Amino acid sequence: MTSPYERLFGRFEGPNTIGNTRVFWAGLTVALALAAAYPLVVSAYTAGNTALFMLYGLLAMSLSLVWGYAGVLSFGQVVFFGFAGYTFGIVSINLGSTLGVTMAIPVAVLVATVVAFLLGYFMFYGDVSGVFVAIITLVVTLVMQTFMAQTAGDEWTIGEVPLGGFNGMPGIPNLAVGTEGAAVSFSGASFYWLVLTILVVSYLGLRLLVNGRFGYAMVAVREDEDRVEMLGYDIRRVKLVVFTLGGGLAGLSGVLYASWGNYIDPSVYSLAFATLPVVWVTVGGRESLLGGVLATVAIEWFRQQLAITGSAWATVVVGTLLLIVVLALPEGIVPFVHRKTVGFVEGRRMVGEDTPAADREGTAE
Amino acid sequence: MLTTTDLTVGYGDTPILRDVSLTVDDGEIVGIVGKNGAGKTTLMKALIGLLDPIDGSVTYDGTEITDWAADERARAGVGYIPQSRDVFPDLTVEQNLLVAEGVNADAEDLLYGTVYDYFPILEERASQKAGTMSGGQQQMLAIARALVGNPDLLLLDEPSEGIQPSIVQQITEDIPSINEELGTTILFVEQNLGVIQGMAERCYAIERGTIVDELGADRLADDGALAEFIAV
Amino acid sequence: MVNVVNLLFQFLDSFAFIVLAAIGLAIIFGMMGVINLAHGEFIMVGAYGTTLAYNAGAPLLLSIPVGVLATTVMGLVLERSVVRRLYDRPLDSMVATFALGLALTQLTRIVFGNSLSSIGIPLGSVQYGQFSYSMYRVLLSSVALAVLAAAYVVFTRTEFGIRARATIQDADTASAMGVETDRMYTVTFGIGSALAGLTGALYAPTMSIVPGMGSSFLVEAFVAVVTGGASVLLGTTLAGGGLGLVNALFSNVYGTFIGQIALLFVAVLILRFLPNGLSGAVEGVRERMERENT
Amino acid sequence: MSERSRRAFLATGTALATVGLAGCSGGGGGGGGSAGESGDEPITIGVLEDRSGNFALVGDPKHKATLLAIEEINEAGGINGRQIEVFDPDPQSDNQRYKELTERAIQQEDVDVLWAGYSSATRETIRPTIDREDQLYFYTTQYEGGVCDHNVFAVGPTARQQLGAVLPYLVDEYGTDIYTIAADYNFGQLSADWVKVLASENGANVLDEEFIPLSETDFGSVINRIQEADPDFVMSMLVGANHTAFYEQKASAGLEVPIGTSTAMAQGYEHRRLDAPAMSNIFAGVNYMEEIPTTRNTDDGGFVDRYFEMWPDAPYLNEEAQTNYFSVYMYKQAVEQAGTTDQEEVKAALESGITYGAPEAPEGEEIALDGATHHVDHHMWVMRCDDQHNVEAVENRVIPEQFLSGTVGCDLTQEDEETQYTPQDYYEEAG
């Protein structure tokens, strides 16, 4: 006997996600309704500005997936983000029509996905693991920054579009879907709704994924690679699939980013920007898909407010708060709050199932 | 020499050992027998200080050491031979021994001569990386390493596990003679009938995290009585 | 036309830069598994300490130890207060060190302004034909070699080094052997910090002293650590030698732009074909030879 | 041919602008008719200059000098009796932050005029927003030149003006063989092109040119290559903290060739920061340095005195700071002339040809804003640094903006454009 509730939400629920109650879904629905109404009550500037934070949230979610769920310490989500942003610019400006813009979206995401696949293939099938993944992805990021900053010359022109070196690539069009004459173009509030929709669809899609068979394999890989291997899974394949998927998501975020500012430059590959997704996800809670998104919006809003004050202490404050969160709340804010409130009972049950005492003793002996 | 009182140990809040009370006197060789998963390794880790007890106390040489860290216990004279040996693979044999020189900070001199007498192969291979040696050789190194600082008490965690029989035999003979020559008190965990009978003067039997029986010399000689506690 | 002396000097220069940029990072990463994203700021602190001491009237030879000391003390304090809580959480330690770096850069700016007046490069030049080269930059290569040798001796020939390596390989077992593992970590982190500080101190005369100066070492440092592989000192030496040669050769013939591109390209090739890095490859060969001999 | 390719380029530019506009739904209330016509409402000025991050060294003086001008104007009764308010967040040398803050300045803070950014990259980041909102914008850095945009007043000197001051002087003094080193990004590449143009105009030749990555700090091979080429002088358009190392390293290596530059000293005051004699025999072509000997600048109560009275701890008063300073006054004049802060009317007033007695101009002279190109005919100085790091003026004259007006025919009073021309266009025009 399945209740209507279970039929509707059952596949989105499981021990791998936080929020498996009616209250959660009701709350989420209310929150979404409020979020959707938000642009109606604020200025176009505020809506557009919030859309930027939300598209960063998608980038954070891609890292939650690969790091929080599969335990792959990727420091290079911005690589795929940047590849997609640049590709979107190159393709859309070259084609120069609404249809061209529409076509540039899947091409850009595909390029990011392929780059993630290649990098992932070479790491995981080269048996690189653990913290070495972090350092290799970090190096790829830094290499991309150095390389893209040097593409100022005429020889670095793809079609009609110069890569632009340090100055970056201006003139990237707004997102649009359709052909000439029958097109929807996104900016201001409509861009906000587009980002919100993508975010929600991605969130629900990832909940399906992590609560499905493959999701269990992912989490198992994170918890104990050797045991997963003994159970007959190819951990390299699991990691590669997750990493590639994460790259695609980061790429989608990069497309949104490039069209938001009509601009992209090599600073997307900088150490500072590369660290941001890790910061968001660490603060929000890496094992919570929603936590990273919420933390992203909150942190970016806060950082922007500090910049607006023009205070010299802005970055010192950011650094100090970050340090405090990392030290005081190792699991991140959202899982912490969840554990302290609704998840108390549920959480105990999950810990109990996940790591039975006898199991541990068996390993120890 | 060593006493535990109502010792309760676990990972997080989940106890694995409950209310373990045991005593080892000076110069004794005491065994602990039990099945896989009974809590033997947990006990050894708690005794050397790698796991913090949830409750109860540990007394060593008349001093309560319940809150002492592992390195403090080692320097107070507790030698430890971990399960599955755990030598430092990238260090040479000699360097492995050097690391443990601090065991028993009170000892007058280091026992390089003695351990090389017992295990001459280690002197031959002094500059070989420990990770490249066979399992038996690594076990000898682990024992030698625990002995080199001349400990007063030696904790041995399953010395026979995964080692070829000839070396198991050698270890079974060496340990009692170390006990005799150096006066080292020995507490070991084991599942191998021959090793237990060859070494132990008496034994505690442990099941599901609690001590269920104590076996004197007479019952140790009885294969059947012993097998009851170690059969998997 | 390649001038051999030019090439040699440029190689020594690149070698020194790569080795010194990487060594502090490599020791902290290789020995402790901590990726110190504040590495650039540690270098900056070394440079600031040295420059401030020099500007206060101390001779350069005395100012360099001041920079090293300042960085070491800072490293020890940070290890005790922050880093040690994160040993088993590598990405969290990246976030924490990133946050530290962020705050350090801006604090430096608030306290000391946007730049310090710099120290001139000492020692003058060596002349040969129509060419000349800065003596000091060449001399740094011998310092780099000396640092590598000293680090090698410390970590393989001293009791501290052996205990520290034992701790890194198996902290529990090491502590059960009487090793104070906490102290090993602290001291190792201190050594890594000191070397980062030394790098800053040594390069202070050759660079613009600004709060963000540390970032110019990061690419070389991380590339060297990754291509060097797990065996830290050997890896850093090989990376410095190999990448330094590539960089010098291509810079010499085609200019600094191609020199940088070539360096990055070779680094990618190494990662692709030698997943265990240069040191992994060399040790693989050595172990095979040892097995054949025994 | 050349005319056609330019048209084609323009067409692309327009198409892009249209795509941009097509996507803009309503856009927000900034732009043309924002501020009230009358009354005592304050005028809001947006000042986005870097006070932290990589460009803080050069950005901080820009911020300070702008505030000085505003304070002076407010104390003297404001503009048409209206006080000036400032929106001055810190963009932290981060282009993304610039983008966000520009949107905010225009849409949320409703600024009447905007000063923003040091690097060309920053300018290009925010220019789409500026043009979408038709925001009056002053870009004050010395730069590569060529921006012809009806919303942008690029009032700093261009590469052609800076190099045009120093290069002919060096040809006269030292000879005709030039070696160019430049930062490997748009500014450096375009500046190097201008060196070639100016070399041919002055009968000199460029032996070789080298573009150096912004991240490079090791100049051993560069120095060797210069020695091999043995030029009469070097033209250096190196930028940023990393490249500053070049001057120390060349001094240490004993390279003594004269160096002409448009970037060193006037912006990052290397002659104050570096140990002598790193900057010895370096000639900067600039419109302004703290040391230029005009009465408006260095006399008692002059610009330098007023600046350091307001900012006693400031390290230096740099080239861009002066440009920010005088352009605020030019804006004041334009508003007074237009009688309103309506941005289109203020632009028209600026285009009518404002002149101002800026500190860079000697007593009795003024500098003129060229309405057609939105650029300034600067009074340019050649400043020489000696081995004690003292700076003296060796030559000075007015050099008008020539490229946009003379070569490509940008006339914003006649036709609104949003283009940036490059030396490529120069060659095409020249045939």
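Observations on the structure shown:
Going by the order they are written in, the chains are A, B, C and D; count residues from 1 in each one.
In the analysis below, contacts are C-beta pairs under 8 Å (C-beta built on N, C-alpha and C of every residue); 3 or more make two chains touch, one makes a residue touch a chain.
Everything numeric here is computed off the predicted structure, so don't read it as measured data.
C-beta contact counts were set side by side for C-D and B-C; C-D has more. Comparing the CA-atom centres of all chains against that of subunit B, the greatest distance is found for D.
Averaging C-alpha coordinates per chain places the centre of subunit A 39 Å away from that of subunit D. Annotation: 42 Å between the Cα-based centres of subunit B and subunit C. Here the CA centre of subunit A is 32 Å from the CA centre of subunit C.
Residue numbers of subunit C whose C-beta contacts span two or more other chains: 106, 109, 219, 257, 260. Contact with two or more other chains is made by no residue of subunit B. Under the contact definition stated at the top, the residues of subunit A that touch 2 or more other chains are 146, 150, 272, 312, 314-315.
By the touch criterion given at the top, residues 67, 73, 75, 122, 126-128, 130-132, 134-136, 138-139, 142-143, 146-147, 150, 271-272, 275, 278-279, 282, 312-316, 318-320, 322-323, 326-327, 330 of subunit A touch subunit C in their complex.
The residues of subunit A lying in touch with subunit D in their complex are 43-46, 48-49, 52, 93, 96, 98, 101, 146, 149-150, 152-153, 160, 164-168, 170-171, 173-176, 185-190, 261-263, 265, 267, 272-273, 304, 307-312, 314-315. Put simply, subunit C touches subunit A in their complex at residues 29, 33, 35, 37, 82, 85-86, 89-92, 94-96, 98-107, 109-110, 215, 218-219, 222-223, 225-226, 257, 260-261, 264, 267-268, 271-272, 275.
Across the complex, subunit D is touched by residues 3, 6, 9-10, 13-14, 17, 106, 109, 113-121, 123-125, 127, 130-137, 205-210, 212-213, 216, 219, 248, 251-252, 255-257, 259-260 of subunit C.
Chain contact summary for the complex, subunit B toward subunit C: residues 48-50, 69-71, 74-75, 80, 82, 86, 88-91, 95-96, 98-105, 132, 145-146, 149.
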